[in-house]
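Each of the next two complexes has subunit A plus one other chain: subunit B in the first, subunit C in the second.
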Partner chain A sequence: MIEVLTTGAANSIQDLGRNGRFDIGVSRSGAMDRLSLMIGNALLGNDLNAAGLEIAIFPFRLRFDQPTRFAVTGAEGDVTLGGRPLPPRWAASAAEGETLVIAPPEKGARVYITFAGGIEIEPVLGSRATDLKSGYGGLEGRGLRRGDRLTVAAMPPMRAFGAALDPFAMLDFANPLPVRAVPAAEFSVFSADARKLFSRWSWRVTPEADRMGYRLEGPELKLERRLELMSHGILPGTIQVPPSGKPIIQLADANTCGGYPKIATIIEADLWIVGQAGPESRFLFTEVTPDEANAALRRQRLEIDALARTVAVARSLAG
Partner chain B sequence: MREPITISFSGGSALLLQSNSSRFDDQFQKRIWSLASDLTSAPGFIETVPGMNNILALFDPEQIAPEEARRELTDRWAKAQPLPRRGKTVEIPVVYGGQNGEDFKPWSRHCGLAPLEAAQRHAAGTYQVAAIGAMPGFPYLSGLDPALAIARRSTPRLAVPVGSVIVGGAQAAVMPQTSPSGWHIIGHTKIALFDPHRDEPSTLAPGDIVRFTIEDVWL
Partner chain C sequence: MTLDEIERAIALAKSRGLAELECAIGQGGRLKVIVNRPQKPVQVAAPKAVKPKAAIRTRYFGVFADTVPAIRVGDPVAEHQIVGFLELGEIRFAIEADKPGRVAAKPVRPGDLVGYGETVFEFE
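After this line comes the complex of A and B, so read on.
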């Protein structure tokens, strides 16, 4: 077992989310930065979909009641185990009674803690992810509270090691973050100016940014003509433009249907960047084709597979 | 008599097929249901989200290339015949007005009807579930008497309680969970529309018939 000592209610249990029930209004949920959750799971030899903790409110503290293998990935900052610092993207063993402390990150917005074997909790609708909006999955559909005790596997100690895969190396939060997007259904109905601004402006993330979506600040994106759209399915990454002209990125816990015009859809391979961008971060959008979107995702999966293979070899060598 | 449609990509692995009209059409929706059912066995397609006169089709780009998926969707739509689906009938008892139906009186005034008459007309209708979506179990119902339509509130409420019987534009619905909504609350029901722990979590499915019955009216 592990026990949560310090947390905020926006911290929650997440895996890669729910699929297959969009047709009855069930959101995908799951980690906002799926890439970091997968790296954390790969480091431990887990199924990539194993449930871990998504930490967005800091400081976060937990105590291990048993020897446990875990990894900390995602946003970078001060992480200590029993007072000893841990490097970023690092897997280690905790002894019984040790405390893991995660300070507010210096780079990125969300930290992931994964555990060998994953957090043991009943899946709901095929996933252990917490849907905070609809109130199911994870721990009774709610965020973590002080005193929560979670079941994870007890494991003998192992030698600590880190991931060679470092997606954060390319992220410079001092400058606009490059994010690729495929033009969406109403793209051509936006004015020529709006279409240009979309990929030239550096869009600022407002404080209205959570697991449901991010509101962006920038110039007003105008339509060439008025549109009355009927409700239609939308996916995480959809960039809607409501009548205010200010874009909204729909994310993990977003509604599955919407009615606002859509200018573009952020590609799956870059959604993790959005998940790591807090308020005041800026995005620079680049338009890509569906083929480019899929090639980027394929490359990311190959990198994760390679990491998982390296970990398997390293563990067999370590005996 | 083929209505014009638009097919566009939603990212790298999904296609949105939508009617170019902004008015809901029952026959068009029956073709959407037919296409959704056809796509369940189409190679490479993994999931569909039928909406209001549109459908989002998710595919696996490792199995089918995006442009090939677009061609496949176009072809299958051309062949889709209206599916005369009539699902189960679900009765929803409603307490109109009162504390849990705070827009009931302003809504009936807007419709130029006495409150009791407005409730009776709402309950007299035969509604059909066109699609489920937005939030878990939320039914988009067609069949609202046009005299009962009312534009959405200019400012949405941050929390419309679960069980609220609501009207927005030409559509009727019931809230399956407490959520923000700009629709008008005309009454309340105790019927649960969604339970993630049931074998079939959503009480309603596309094609189902909904009838509202009057449990009580607060005048």
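After this line comes the complex of A and C, so read on.
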């Protein structure tokens, strides 16, 4: 068991989410930075979809009531186990009674804590992810509270190691973050100015940014002509433009349908960057083709698979 | 007896610092190699007054990577502090200081391939 000592209600249990139920209005949920959750699971030899903790409110503290293997990935900052600092993207063993402390990160917005074997909790609709908006999944459909106790596997200690794969190396949070997007169905209905501005403006993330979506600040994106749309399906990454002309990125806990025109969709391979960008971050969108989007996702999965394979070899050599 | 065998015997005598080497070779043959070179007397190193420098040596091989921020010459290092990493493909292991000290030299640079037992930090 582990016990949560300090937390905020926006911290929650997440896996890779619920897929295939959009038709009945079930949002995907799952980690906002799926890449970091997968790296954390790969480091422990877990199924990449194993449930871990998504930490967005800091400081976060938990105590291990038994020897446990865990990994900390995602946003980078001060992380200590029993007072000893841990490097970024690191898998280590905790002794019984030790406390893990995650301070507010210096780089990124969300930290992931994964455990060997995952968090043992009953899946809801095929996933252990917490849907904070609808209130199901994870731990009673809610965020973590002080005193929550979660079941994880007891494991003998292992030699600590980390991932060489460093997605954060390419991100400079002081500058606009490059995010690739595919033009969406109504792209051509936006004015020529709006289409140009979309990929030239450095869009600022407003404080209205949570697991449902981010509102962006920038110039008004106008339509070429009035448009009446029927409600239609939307996905995490869809960028809608409501009548205000200010774009909204729909994210993990977003509704599954909406009626605003869509200018573009952020590619799956770059959604983790959005998940790591807090308010005041800026995005610079680059238009790519669906083929480029698929290729980028394949490359990312190959890197994670390579990490998982190396971990498997290292574990077999270490006995 | 071949030329190759004679050359190997000469090389062996030289490498061991021998003046003369005699060995059995082939069927009942004997070979005597006399190295016609004055042999330097082997210097038995007298223990010097210089005390050996403490150093952090690697326990694996791999590609060296710095911590963030990097440990530089002049930095104090605490016992068990992680001072760098060795990357092996997709994973990395920590290089830890086994005792406290102050860094006097750092003979490796990020990206260098380092072997087992190589010195990566020297202490004052």
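Observations on the structure shown:
As a convention for this text, the second predicted complex is superposed on the first by the 319 of 319 C-alpha atoms of A that agree within 3 Å, B and C clash if a C-alpha of one lies under 4 Å from a C-alpha of the other, contacts with A are read in each partner's own complex, and residues count from 1 in each chain.
Criterion: a residue touches a chain if its C-beta (ideal position, glycine included) is under 8 Å from a C-beta of that chain, and two chains touch if they have at least 3 such contacts.
What you see is a predicted model, and the numbers here were worked out from it, not measured in a lab.
Contacts of A:Glu268 after superposition: subunit B is touched, whereas subunit C is not reached. Contacts of A:Ala184 after superposition: subunit B is touched, whereas subunit C is not reached. After overlaying the two complexes on the shared chain, residue contacts for A:Gly82 are found with neither subunit B nor subunit C. Looking at the shared chain after the overlay, A:Pro123 reaches neither subunit B nor subunit C. By the touch criterion stated above, A:Leu165 is placed in contact with subunit C alone, subunit B being left untouched.
Residue contacts after overlaying the shared chain place A:Pro157 against neither subunit B nor subunit C. Judged by the touch definition given at the top, the superposed model places A:Ile234 against subunit B, while subunit C stays out of reach. By the document's definition of touching, neither partner reaches A:Pro104: not subunit B, not subunit C.
Subunit A contributes residues 19-27, 124-125, 133-137, 182-185, 187, 227-235, 237-238, 255-258, 262, 265-268, 289-294, 297-298 to its touches with subunit B in the complex. Considering their complex, residues 65, 67-68, 80, 82, 85, 87-94 of subunit C touch subunit A. Against subunit A, in their complex, subunit B makes its touches with residues 6, 8-14, 16, 18-19, 22, 24, 36, 47-56, 58, 61-62, 65-67, 131-138, 140, 176-177, 179, 194, 196-197, 201-202.
Across the complex, subunit A meets subunit C through its residues 43, 76, 84-85, 87-88, 159-165, 303, 306-307, 309-311, 314.
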